[in-house]
Each structure stands twice: as structure tokens, then as C-alpha cells.
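Look for chain A in each of the two complexes below; its partner is chain B in the first and chain C in the second.
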Partner chain A sequence: MRPRASPVLRPAGFDPHGAGPVLALFPQLVVSGIATGMLYALIALSMTVGYRATTVVNFGHGDMVMAGAYAVFVLLGSGMPFLPAMVLALALLFAFGVLTQRVFMQPIIAGPHLSLAIMALSIGYAVRGGARLEWGSEVTTLTRPYPQDAFMVGSVVFTTDDLVISGVVLGLLLALFVVFHLTPIGRLIQAIFQSQRGAALVGINVHAFHGMMWGAGAALGAAGGVLLALIVPLSPDMGVWTLLRGFAAMTLGGFGSLHGAVIGGLLLGIMEKLLGFYVSTVFIDITAYLVTILVLLIRPSGLFGRQASIRV
Partner chain B sequence: MTDIAKKESLPAGGRSRSRIGRSVFWLIPILLLPVPLFLDQYRQYVVNLILVYVPVGIGFNIVVGNLGLLAFSNVAFFGIGAYTSGVLALKLGLPWWATVLPAGIMGALAGSAASVPALRGVRLFYLAIMTLAFGELLRWVYIRWVPVTGGSFGMAVPKPSVFGLPLLTEGHKFYAFLFLVVLMVILTNRLLRSRFGRAFMAIKSNEQAAAAMGIPTDRYILLAFAWGGFVVGIGGSMYAALVGHVTPIAFDLTELILEFAIIMVGGLGSLVGSVLGAIVITSAPEFFRNWLGFQELLFGVLIVVVILFLPRGLASLLARLHPIFVDRYYRD
Partner chain C sequence: MPEEMLVAKGVEAGYPNKQILFGVDFSVGRSEVVALLGANGSGKSTALNTISGFVRPLAGSIRFDGAEIAGMPPHQIFRRGVIQVSQARDLFPDMTVEENLLLGAWVRGGETATLLEGLYRSFPRLAERKTQMVRLMSGGEQQMVAIGRALMGRPKILLLDEPSGGLAPTFVNEIAAIIATLKKTGIAMVIIEQNIKLALSVADRFLILRDGRVTQRHDISAGAADEKEIVRSIYL
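== the complex of A and B ==
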């Protein structure tokens, strides 16, 4: 993937290297870091949902994110208003997620991890190849369904992008929290994550459930893709870009942990901004990779995860 | 090409008969010798590209197929080999033949580095994610380390030569490449048929049991990564000589699916498979190279189909034809 500008949420006219005491920018960096981090959190969470249900990591998840953004783009092009287009796109991606799980993953679910990982990866590549075939050579963007604006609170600039992204993500997080902790579905998820055989024995339809959760993960990821597409141009490679950051957030928070994914995403967003500003701009691009590598080497279980490595 | 590698299954005829059967593999490189006489420069280039991807597939297959670890870092070794060869030739003025071994050694060092997480106990998709990040980090280094790598535009590699003889045509390169490929296949075959190969098989089927039986698993994992990196690094230096231009874009994630396609379509854990995969997969996109994204779509779909319907790849079809193609050092 070509190096791309990271989605820096910086209002027009704001110059981070301008005059003024450097420390005074700290709150600003944290605020824009949180806005980016919210996106990472959503992506990481959508991956965690699929992972917890099936204990299979979807290496093609990034391309679901990308497909969500392009689906909205196509629907908007057909004259649909933004909100219905987004809802329809999420429904489509949900169906696509269920379909891939049932048709491609389920037949080999008992096989080695290797096949599962490569299968998911290959489906993602096929989707990405399809998108590149269709839109690879044109620059496309989503038009914001709200006015682009920025305003000051104290010395900190907020943009409408920041607020919309954070608001939508917070809403989704809240909904997920309710589903996972306060409904019977949450208990089902927990049961299946702990022991698939046990869950099947007490009468839970594990297969159907796997498909649903895989679809739910895809739809959530697609929501992340739409939000991302508000601030960066669409590209077939945006999926991988988010996948690697989603992985970094999941690793940092601890694989399989829902709140870990959210906190990991937020931390990653803030770290990118702070390291990028105070140390070197190169960190904006590579923080995610370094975080992934270092966390897995030093503390593979992340902040909130379970033991992730084996010792022989 | 030279698949001396294939196993015989030692049935009725016993060892001597299977030896005779296996010597047939020596005919393959000999029969290939006159090939440049019949091909034009472009077709010869495609054949050379296949030869480049044979070691790339072989090295990848050792770690993923034989050892069974989910390591996605093969593209990184390939890039390191190509860049080592290119930098040594361009900055130090070394002839190409003198850069092949250093490229392999750098690949082996990168392989050893990539094995560190595996030795620390990182497995399954954790290892996959980490090696993926490692590859992307390295690609970022190619782009940013402009004085050495030439940045996004890459660098032009001087015309290759062997012992003072310039390799002027694709046909000349073919012979140099064929020699290296035959060497790599023979050495890898030897490795896989030795106790090392058997240890890889034991680790793949049950690592804890292998360790409990006294197999020093960490040493074998390190060895598999290092040898895989070595072979792939040599493939990288061949790539630099063939294409004459090393750019970061050649080592992006599209390259990863190509290399996965080689080992999956050819046959996981099979030396014949790596060779078959390189032939089929490398020649296919040459016909469609002008359609942006078609490669990814084609390989993605191809791998999905292979996993669902032919899990052991083309090598398993070949194994049905004659027992000398049966894999002896691979178990499911």
C-alpha cells in the first residue's frame, strides 16, 4: 500500500509548528488524537466482535471496512440521501459477512488455523481487487452530509468531523455495551467464546451464531469505513491501512477484550499524534506497526487480554 | 524444474528402484538447457521470472507449509535480498554474482530476526499480525531511507555479470538463474529429507509433543526461518538482476497474495508444489498485467477455490499420477 496521509483531524488554518509554547498544544493533540482513536476503536471493536464469536481472526476485515465506504459511495451516487444509504450499506455488509462465514469459513472451520487465516485474507484480496478494478484509477470522496466547521473551546479547536465521528462511535459503543452486558445475546456470546462445544451441548445454534456475529463485525467495520471516508479520500487500500491499525489497537488492549479494543484504539490515536508532534512526524505512519511488534514481544496479552503466547 | 525434491514412497521396489525413479528429476534441468533457443526475449523474461519465484516459493513454503507457522514476512525477506543485491552493486560496484550470497545472508538474518517472536512463544494469528507489521515497517524503511534505497522511485541496478561475463540477454540470465534454482532445490530437498525436515514435521503436528520428546524446537524454528530467509533472499537478488530496478512498490501487500498463491495453489509443504505454483502463478498475471486489481482478484479467488476443493494443491494431483511425487516429509 502506498503511504497515505493519516486522517489527521486538523482544522484549516491550524499550524502545529507555528509560534507559541509547544506544551500549550498538548490538549489540542490529545483532542485530535481521541477523534482518530475513536475510529481505530470502532475498527478494533468490530474485529473483536467477529473474533470473540468465532475465535478466528478475520484477516480480510479491512476490506469489509473499505467495501462499506464504497457501498455508501455507490448508493449516494444513485441519488439516495446519506442516512438511508448508510443504513442500507451496513445491511449489505452484514449480509456479505454472514455469507462469507457460512459459505467459505464454515466448511473449513475444523481445519488448521493456517487455512482459516489464508481463506479470510484471500477473500479480502478478492474484494480489494474488485474495488481496484472498478475505482482503482479515480480519486473519489464522500461529501459530508453536514457542514464542515471548526470552533474553539478555550484554546482547543474542535471540528465538526471530530464531533460527528466521536458521537457516532460513542453511540455504537453504548449500543454494543448494552447488547453485550445487558441482553441474553451477550450471555450467548460469552458462552460460545468460552467453549463452543459446551455452548452447542446446551442447545445454542453455534453455526448460525457464528455467521451472525461475523456479519455484525462486518457491518460495524463498514460503519468505521464510512466515518473514515468522511475525512480521507476513498481508496481500495484504505482497508489494509485500517486493518493494521485495528490490529495494533486490539493488540495493545488485549486480544478478545471489548473494552481493551476501545481503550487500545484511543491510546493508539493519541500516541500517534503526540509522538508525531513531539518526536518526529515519521511516527504518524509507523506508531501502529511499532506498537504491534513491541506489545507482542514484551507483553503479548496486552493491557486487558488473556495469555497469548505458548512456551515450550 | 528440478524437482529432485520429490519423495518416493518406497513401496515394493525398495530403495534402489526409487533412486532410479528419482534420478529422472535430473533430466528436467538438462531438458531445460536449450529453452532460450526457442523463446523470444519477452517469453524468456517470463520464464526467468518463474525461476525467480521458485526460490521465493520454496523459502515461504518451509516456514508456512513444513513448519506450519503463520508467518507473513516472506515479502520482507524478498525485498531485503533484492535491496542488498541492488545496493551492493550500485554503491560498492560489486558484480552481480558477488552480491548473491550476501543477499542470501541478509535474507537469513532477516529470517532469524523474524523468528524472534516465534521463539518467544508468539503463535497463530498473533505471529501473523506481527510479521505483517514487520513487513509494512520494512517497506516504510525502503521509502524513507532515501540515501541508500533511493526512496519511492527505487534504484536502477547495474547490468548483471557473472565472473566478468556480462549477462546481456534474458537467455544468459536464464542459465545463471537455472544454476541457482537447481542448487536451492537440491539443498532444500536435502534439508527436508534429513532429521531437520523430520523435526519440522514433528513441530508442525504437535509442538509440545516434539519438545517433550527432546527435539530442541526453538533451534529448528530458528533454522527454518533462517534457511527460508536465505533461499528467498537469493530469489530477491535474482529479481534485482532480472528487472534491473528495485522499488518499494514491488514488495507491497499485492506481492504477499502472489506468494501465498504460489504455495497454496502449488501445494503446502511440498517442494514440487512450490515449483508448480511458481510456474502457474507467475505466468498467469503476465497475460492480465494491464488490468489494475485483476491480480488480487484472480489470486484471491484462486486461493479460496484451492482451499475449499484441493487443499493440498496441484502437488496432490501430481502425487496421484506417480508415487515418486508423493510427499514424504509432510503430514496433515
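== the complex of A and C ==
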């Protein structure tokens, strides 16, 4: 699945047959890569929040992203304006994330890692199955709540999609930064991330916290799903695509690192565009796999991760 | 014996496929210090973790201030004032000393500033290091932070799991002095210690656990304990 093509605008002096275009397009590719990477960053961050809380990788997370996009689609269909629909969809996915963790994951949290992985995967498949029942292989789209346009700054084309996605993700990242670093609840979350046993020793209900963080992860993922649905068609299988990108960005940034997830997402977005243009368009689809394989082989802790055992 | 505050009766507990405690009975009175002694694997830490809710009992009763707490989750037991200092300390390593201490008061609240001020008076070393990251501190200093963090929760009873474990001798003396001071303030304590001299210096009574059962009980106020005899009872 690839983003829908942006309106074609060519930079001044662009000559498709000359040697110049190869380098002239570099800034354009980086800008487009950053916009896509912002989306990956948000999805990787949403996966990391759940992982940091429970040390369980949610292999069903991609389907939460898909569910968020469909929730907005349904609410828009009922006549609700875009912004309230998005807020309500995020709230619904938060509740669904909490419920999933408390009802399905918590009872088996002390069990074998494989059981947790299969449970998360099965919940994801069940959500996907539900979406297929309703929409089958029907491909639908979300109507943008803003005009689709493009304009140039110097030799670089910016689309409104790029700006909206980057703006919303930056806004969410800023809000998360403020909550994590400048509020008492953020200090508490950081403390629990650092030592769950320590948190229990100071009287924190760590199980409830696990649920809240899975909820927060699902809501953030849903935000990613809504933004993604602005540039790609909606389909019940879009979760697979997002999970792979999110997983690759997490791996690159370092498992469990919040800022690593953001930087990993941005780098993945840029790499996809550069390799897709300079090497082969095939790389747009396989960069995420290659990054995952290479990072796990060469530097399993990623760019900012610490060596730690993880529960899958 | 002072009024009973914590009463454990017939406690059986353990982990999946491995029962550790087999009908443990003991009680702790108000302002009393009880030491649990025993060899490695005798069930001392499991007993403490069962009281604080980290291990679910299989059978038996644990009453605190007259209410049944057996099987409650740790955060509910903490709220009643039963606060543990774990063997691994379990501090927040990438936070400062003061941040760790303040988190100790997060749930039970109280006059946090006054609590902190009082704590710094009792632990001047923590006041000197209050802006230091905990992971950069020595084991002895970390143990002080762990005890300080527990005190910020205003405990009615403090459960200390090997407070001198793995510490340099100078720190062992310092920790022993801290525990002796705490005893004077009237906080009830259950203390697990491999350092028998330290345990006997602060305890009013001690129990010896062996293979998950209480094999001996001794009231120190009733007569001086023979340290060599205790060691023989534990290990032979």
C-alpha cells in the first residue's frame, strides 16, 4: 500500500533528461520522507508506549491503527464533523486498548512469551475479521477536512497532506513531551517505566497502569490510522502495512526508547523515499523489512535502546 | 507483648509448582521489631512478599490492624501502611534522590515538604545528594534512599528485606544505626537479615524459618540470645 500520488509540480529548472535532477530532487525526497516518517514515528511511538508499560510487543497493534481509521470513517458517515469524530474515535480506541489489556493480556501476563504474542496477534486478527465482515475487500477513502493543494518553497513541493500530517504529529509529540517531562503524572509514568516493582513498592496500581498505557498506545495508534487514511485508501488489511513500518521504526530507534521511536520513524520514512528513487521503487515496499533485518543483526539495541530482554 | 498489629496464621504460599511456606504463624506488636532468620531458601523473603501482596497466599490468614489483607494486591496493602523495602531496592535509577523520595509519598500523601525536611534531618547524606541520579550512587547510599522512600510513605509497619545485604562494613554500621533510630521512633518492623549481630541488636523477638516452617521463636527481652546457637539452628 502506497500513499496516493501528490499533485505533480516540478521545481523550476527541472530537466528530467539531465544529470541535475538526480541531485536536485534530494531535498524534495527528504521533505516527502519526513512527512511519511512522521506517520511512522507516531505509530512506532504508540507501539512503544504499550511496550514500555508491559514489556509485551503488541503484534495486533496495526489492527488498532486500522480500527481508528474505520471508527472515524463510520462517525463521519453518521454526519459528525471531522474533528469531533477523530476525538471520539481516539476515546473509543483508548477504551478498547484498556479493555483488551485487562481482559485478555493481564490474566496471562506471567505466562510464556509465545502465549502473549499469539494472544495479541489473535486479538488483531479478530478486529481485522470484524472489519472484513462489514466492509469486505471494499476500498474506501476518508474525505479530507481540508483542501488538497500543493505549493513550492524554493525548489521543494509541499502538499497540504504533508503539512497536516507533520503538524498533527508534531502537536501530539509536543503534548506528550509536556505530559512526560513537565507534569507530576509524567514523572510517575517515567518512574513506572524505570521500575515496575519499585512503583508497586510505593503503592502504585501497576496493573491498572498497564491497561491505561495500552489504551494510550491504541489511541495514539488510532490517531496515526486517521492521518494515514488521509493519504491511503482504507482497507481492513492496512494494519499489516502499519505494523511492519512501526516495528521497523521501533527496531531502528531502539526497543523501548520513546525518542528512538520518533527518530527511527523519521529515518525510515526518509530512507524509503531515497532508496525508492535512487535505487529502485521496489525499496519503497521492502525498506522496512531490510531495516528490521539489518538492525537486528548488526545492532539489536537500535540507535537509542538499551540491552534488555523483551517479551514478544 | 504489645498489642498485636500484624498477625499471620497458617500462611502457605509459593510460586507456580513450588510451595515455599507451609503454615507459617507469627505476629508483630505495635512498635515491635521482629527478625526473621533462616538460611537461603528457607522462605524469609517469600514470607515478606506474601505480607506485602507480591506473592498470593495459597492458604492462611494475614490480618493487619484487625483487617484481613491476605491476597490483596500490593497497592491496597501499601495504602494501609504496610511498606516494604525490597532486597533489590527497586529504586527509580534514572531519577534523582529527591524524585525517588517524593514518589514514596505519592500515594499516601501527607505533608510532603515536612516529611522530606524531617527525612533530610535524619539522613543528612541524602540531603547532600538530593540532586544526584540514583544509579550513580553506591549500594549503601541506594539502600538509604530505599529506606527513605519507604519512610516517605508514612509506614505503620516497615518490612525490611536484607537491608545490609551486599554492603561494605561502614555502610552496614550506618544502616544498623538507622534501623536503631527508626526503632526509637516507634515504627513496627519485620526485618530479614543474614547479619545476625545486626538483627539481634535491633529485634525484640526473632523467629527461625527452616524449609518454610517456623522452627524456633525467641523473645530477646526474656534473655540474651546465644549467637552461635542461633547460627547452629539456622544452618545445621
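In this text, the second predicted complex is superposed on the first by the 287 of 312 C-alpha atoms of A that agree within 3 Å, B and C clash if a C-alpha of one lies under 4 Å from a C-alpha of the other, contacts with A are read in each partner's own complex, and residues count from 1 in each chain.
Here, contacts are C-beta pairs under 8 Å (C-beta built on N, C-alpha and C of every residue); 3 or more make two chains touch, one makes a residue touch a chain.
From a predicted model like this one, the values you see are computed outputs, not experimental measurements.
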item: Partner chain(s) touched by A:Q190 [first = chain B, second = chain C, both, neither]; value: second
item: First, second, both or neither for A:I204, with chain B first and chain C second; value: second
item: First, second, both or neither for A:A95, with chain B first and chain C second; value: neither
item: Touching partner for A:V87 - first (chain B), second (chain C), both, neither; value: neither
item: Residues of chain A touched, compared between chain B and chain C (which is higher); value: B
item: Which superposed partner A:L182 touches (first chain B, second chain C, both, neither); value: neither
item: Interfacial residue positions of chain B with respect to chain A in the complex; value: 64, 68, 70, 116-117, 120-126, 128-130, 132-134, 136-137, 140, 143-144, 207-208, 211, 217-218, 249, 252-253, 257, 260, 264, 268, 291-301, 303-304, 307-308, 311
item: Residues on chain A engaged by chain C in the complex (per definition of touch); value: 187-188, 190-191, 194-195, 197-198, 200-207
item: Of all residues in chain C, those that touch chain A in their complex; value: 52, 54, 73-75, 78-79, 83-86, 88, 90-95, 99, 103-104, 106-108, 149-150, 153
item: Residues of chain A that touch chain B when the two form their complex; value: 1-3, 57, 59, 104, 107-108, 111-115, 117-119, 121-134, 136-137, 236, 240, 244, 247-248, 251, 255, 282, 285-286, 288-290, 292-293, 296-297, 300, 308-312
